[in-house]
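The same subunit A turns up in both complexes below, where it pairs with subunit B and then with subunit C.
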Partner chain A sequence: MTNDINEPTALDYAAGGGLLSRRMLLGTIAASGGAMAAGLAVPHRAGAQGVVPEWVTVAGHRARGYGMPAEAEAPVQRAIIEPWQDVAPEFSLSGTPLQRLRGTITPSGLHFEVHHGGRPDVDPDQHRLMIHGLVDRPLQFDLNSLERYPMVTATHFLECAGNSLVNAVMPEPLQAGCDVIHGLLSNSEWSGVPMSVLMDEAGVQPEGKWVVAVGSDGPSLARSIPIEKIMEDGILALYQNGERIRPEQGYPMRLLLPGFEGNMNVKWLTSLWVTDAPAHTKHESGEYTEILADGSSVKFTFAIGVKSLITHPSATMTMSGPGFYEISGLAWSGVGKVARVEVSADGGASWADAELVEPVLPRALTRFRMPWQWDGSPTILMSRAHDDTGALQPARPDWKARYHPSNFLHYNAIQPWNVTAEGEVQNVYL
Partner chain B sequence: MTNDINEPTALDYAAGGGLLSRRMLLGTIAASGGAMAAGLAVPHRAGAQGVVPEWVTVAGHRARGYGMPAEAEAPVQRAIIEPWQDVAPEFSLSGTPLQRLRGTITPSGLHFEVHHGGRPDVDPDQHRLMIHGLVDRPLQFDLNSLERYPMVTATHFLECAGNSLVNAVMPEPLQAGCDVIHGLLSNSEWSGVPMSVLMDEAGVQPEGKWVVAVGSDGPSLARSIPIEKIMEDGILALYQNGERIRPEQGYPMRLLLPGFEGNMNVKWLTSLWVTDAPAHTKHESGEYTEILADGSSVKFTFAIGVKSLITHPSATMTMSGPGFYEISGLAWSGVGKVARVEVSADGGASWADAELVEPVLPRALTRFRMPWQWDGSPTILMSRAHDDTGALQPARPDWKARYHPSNFLHYNAIQPWNVTAEGEVQNVYL
Partner chain C sequence: MYTSKALSIILIAAGSQVALAEGPDLGQPLTSDEIPFYATYVMPDGRGLPEGSGTPAEGAEIFAAQCTECHGITGTEGPVMPPVGPNEIWAKPAGSYWPYATTLFDYIRRAMPLDHPKSLSNDQAYALAAFILERNGVIDADTAMTAETLPMVEMPNRDNFVDVWATQGAKPW
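Right, the complex of A and B next:
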């Protein structure tokens, strides 16, 4: 490298702490264009390679039926999160390693898990879905019969209502990675039958206002869903990222309610009971109800709030010295599209708009990116998202003020990352 | 079911052979809306289920680090295609089982393979990428150094220039599935560093008009690429569907040239040599050059032509009796977006526009869907795609007339599927 990273030329700053104009992301054939051409050198750390690698000198492996990641990527796994004391061991969780991933699609093998009774071994030939209750024609479906129905395809995130709970309830910030702190969040391309088509065939009666969805797992997880949401964009999801839904995500079929908290997207779906009122199952009344500061409870909170997270760099990472970095992260909202993401590299003193990677889809993860020239001094990185309803991601004190200290549900506060002079990235509260 | 599939009511036809208006795809809460409410019954074949399934009565499995498809899905594999006689066994191919998939994303484990020398075991720590030749600053990168660069994310298809070759050269239509006939086609979300950023840092000299890309595999597969394409939208791809690129797709890094024939997207990329003229490597002159009808050769054919394929139903499938079906398929073009897909259910006598599933992205697979009421009589299903440059997918006789009988490259003709009275779906030529 001929460039001196300590004296970059022709820099175009957007905010404090070294945030650069998004124009610095644009490479052009003109030598004057682009962050790198402007002298933002990255140390390549690429030693001379004197010999032809051994693998170039031999014949490689033949084609195989189903591929797997490279052996060197074996450490890229979901973080197994041990359940807290008073929960049965079958209540198991694993977090997506967001800090190891790029783009927006979550590989199906790394999609987060929250199982109230473990992952059942469902026999797809024996599995049935029943639509009953306040309908003109009760219906029962097997997997094959659904293959002839109209199918839609849409990319949507799923987030557990309890995601980021350690930041919500721990008095001191936990020093762990995005997989442990924020990993109950994933994004997939789902394909399946529109719920409205199945409900029309069954013929929902006028007094049918709610649908109680029940899963075919040990606890028979059950949630009450307003009929309006079922008809608006509910999907009986049969495929995930092109192939059949994985066992962890409800094989052979799950309910998908775009933007609603994870557990309402009932896995291993076996029954849709049309009723005139919610069932107040223990899963909705006892496990997924927030307690407000005044001690009152929020009966039903369905949609995930607007939220964002810087994944690169993030806690447990160590930066490789001063110079150019691209800050990269994810933003999402359960009520619409991400409209804007702001990034601060000086602890919130100044903010600049990040670039949103197209296509920005409703109720789907959106990748944002921001060029940054780190001068090597300690600082704090933050991101805050706005959605197209005008909602803004709150700061932690504002979120905490709304809820009872014990509440850990629907935590969507700003995540600050502290960067030390040594380049260590740490979880902090602001 | 109370509906009589032989006497559907309130049907709205769009063309011959039972093609229905796309409005029949819309389910609404009004009992009059939607194909199913209109009486398009699907036989559910769902026998009574008298007992609680065993799996609901026991605790399920705990969370695991990396998930896999359900055991019942084990048959969903890539089709291993044996190389023809005069090719080394290391020249191995496998086809994506398009007839078993839905949506548009190809699961990374099922992405097609074409390896000229097999799949190498590349050590990511030892791998290097060099940019050299007509540049001001020759550069060498290791995998870690690239993590600090700006990264873009985009969904693009890859198709082998030899895809569908059996339809191109076999005198009689091969009776095989989409995996064998058309499976050298996949679609992924790719993330990586824009080539323009790396080229700007190297400083391409005015006489640098071509880039020779070389792979780190046994044959050192090499292709010459116009510098304009490299700078316009070339990507050094490091991630595929969120995680590190799979070994079959070039781990740890490959060149991605959106819309260009598969082999030019050089896998296991190790060298980018900027030159003033193409290198005429054997892979471009000897293996990927089409012969025209008059015996002349096409020196360079880079972009994949506009093409479409009905995947549901398709050859080797047997339909489960008369009644409602959704015809579903894929369309794509290497030069832009799919603008329109027409479907015929009467062997081309009449056509109707299919619905394109949003978002329709440039140089990416687009899913199309068309409601169909099959009356049980023999017929032929076809689809033809238009792209936003005005190009139309050709019929097989028109395609064959352009090339020498031996040519099997860039076959993009219409695929007719013959449906017998017994519901068998067969490959035919028209």
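Right, the complex of A and C next:
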């Protein structure tokens, strides 16, 4: 690919398709003489000089007790999918609009939801958490007493095992935004009581190897969880991004199992039943198992594999002409930290390392960014992540080859975005 | 390190007292009559199954009245995850794919019908499990499901699963 015509002399390329050296990231550029000197696009100055906007001529609004997003931001919503519509509206998926967000923390009101029986109205005064089964002291806790326990705070992503399912199973790529394709992914700062403190208070007996966690929703969603995970880093989360957990996320309390598939992070948690074996609950018997290419299945596939995604630009967006862009995206792994993200702007012919925005936390979303000079010709953008266990995100054909064609779970393949000459960004398979 | 080793020995020796000191110890005793049935789960070996019984024929009647709007007249049409297979919608139909029949009883009793969960009696849940198993060809039409017979059902797909946690722990498959 040649881009001689538009190529400003000061640009320093890292790979094909216009990927720039990270030295060209904003900040560095400003220090070295500004965007103009580097020949990068500069926004037009908007509006006429000297106009006095109306809002500087009137007194502002009175204070309000709970702030809301600006009215103009009202279109920033979760994408709601009810697969069976009015037949079973209680079963729904709501995808986070990742393409409208920056940074790594998902606003609580935009955190994705997957409901198997709708969002219950839980009365926090009546709600209790029971710990029973193979314990020395069966116990129950109310919310007030849990408030007095020592609390930890940790930032972790949650991803539904079925995230990106359209790319996993649809023969032709769906033209939809990241909210629909990849939105069952969010990241929050969670605060709550370490599970080990509560389990130790109840006294888990030596035969206690699994814990069946049950939610206080209509279907009483239940999952079997290895005791090792509960004790290692399980959190009884009471707070999400500093405030009490939202009803959609399990108010007044949910189980948080960092890095494990979303379904196991039981919302509206009411019971932890310690057992000697997994119960083979409904979800771990069918819905959250995967059929492999040879017809056999895998069960108890808990951790989320390494994955990444370019959010800016991404499908349904339109580029505003050739010039400088910052490619930005998210990377994560359910077993550790993101070690490295590579970006390609020429359909995978060449790759360059993106900058990982600090802090890079284990089992949390990591933002990556990469400067890019788009010369206006059609191209394909992709990212691929490595985690600190050495795992690398697979290409779609490699992922598909392992599973039965019907499998839509634990899809973590590379997402290519096709950029047309007109600047349209489209979902494609490679 | 000698000192930290010594410390951990002291901690182990102190046992549960150390554990209790981690928090304010505010858990209240929980007695077994305070635990609702859905806070436990019927185990694959049948532990936790209540008294009761139901036949496929009894289940067929309840299914026709309460389940077909979502799962289809014969349990294969859907639109929602048809529990009877093979069908064209759902590759993992409960009545043939799930490894243990006990899960059918427990799940139906706690979660179905979706719009009236926990409205079914134990007998009805046994009957519906029997109906779904019979439709999948797993049991014959004369077999009633009870606390004794349900755990004995040999699910056809049981030995077709690899337990990933047991074989490789948290490492993603």
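In this text, the second predicted complex is superposed on the first by the 403 of 430 C-alpha atoms of A that agree within 3 Å, B and C clash if a C-alpha of one lies under 4 Å from a C-alpha of the other, contacts with A are read in each partner's own complex, and residues count from 1 in each chain.
Basically, a contact is a pair of C-beta atoms (placed from the backbone, for glycine too) under 8 Å apart; a residue touches a chain by one contact, two chains touch by 3 or more.
This is a predicted model, so every value here is computed, not measured.
In the overlay built on the shared chain, the residue A:G218 is in contact with subunit B and with subunit C. By the touch criterion defined above, A:G16 reaches neither subunit B nor subunit C. In the overlay built on the shared chain, the residue A:K299 is in contact with subunit C alone; subunit B does not reach it. Of the two partner chains placed by superposition, subunit B and subunit C are both touched by A:R148. Once the two complexes are overlaid on the shared chain, A:R137 sits against subunit B and subunit C alike. Contacts of A:E201 after superposition on the shared chain: both subunit B and subunit C are touched. Legend: residue contacts after superposition of the two complexes on their common chain; A:G376 is shown touching neither subunit B nor subunit C. In the superposition on chain A, contact of A:P124 is made with subunit B only, not with subunit C.
Contacts of A:G347 after superposition on the shared chain: neither subunit B nor subunit C is touched. Set against each other, subunit B and subunit C touch different numbers of residues in subunit A, with B touching more. Overlap of the subunit B and subunit C interfaces on subunit A comprises residues 90, 117, 137, 139-142, 145, 148-150, 196-198, 200-201, 203, 218, 220.
Those residues of subunit C that touch subunit A in the complex are listed here as 16, 19-20, 22-32, 34-35, 38-44, 69-70, 79-81, 91-92, 94, 97-100, 102-103, 106-107, 110-112, 114-115, 117-118, 157, 160-166, 170-173. Partner subunit C is touched in their complex by these residues of subunit A: 84, 87-88, 90-91, 116-117, 130-133, 136-142, 145-146, 148-150, 193, 196-198, 200-203, 212, 214, 218-222, 224, 226, 229, 259-260, 270-271, 273, 275, 277, 279-282, 285-287, 289-291, 295-306, 334-335, 389, 391, 404, 406, 410.
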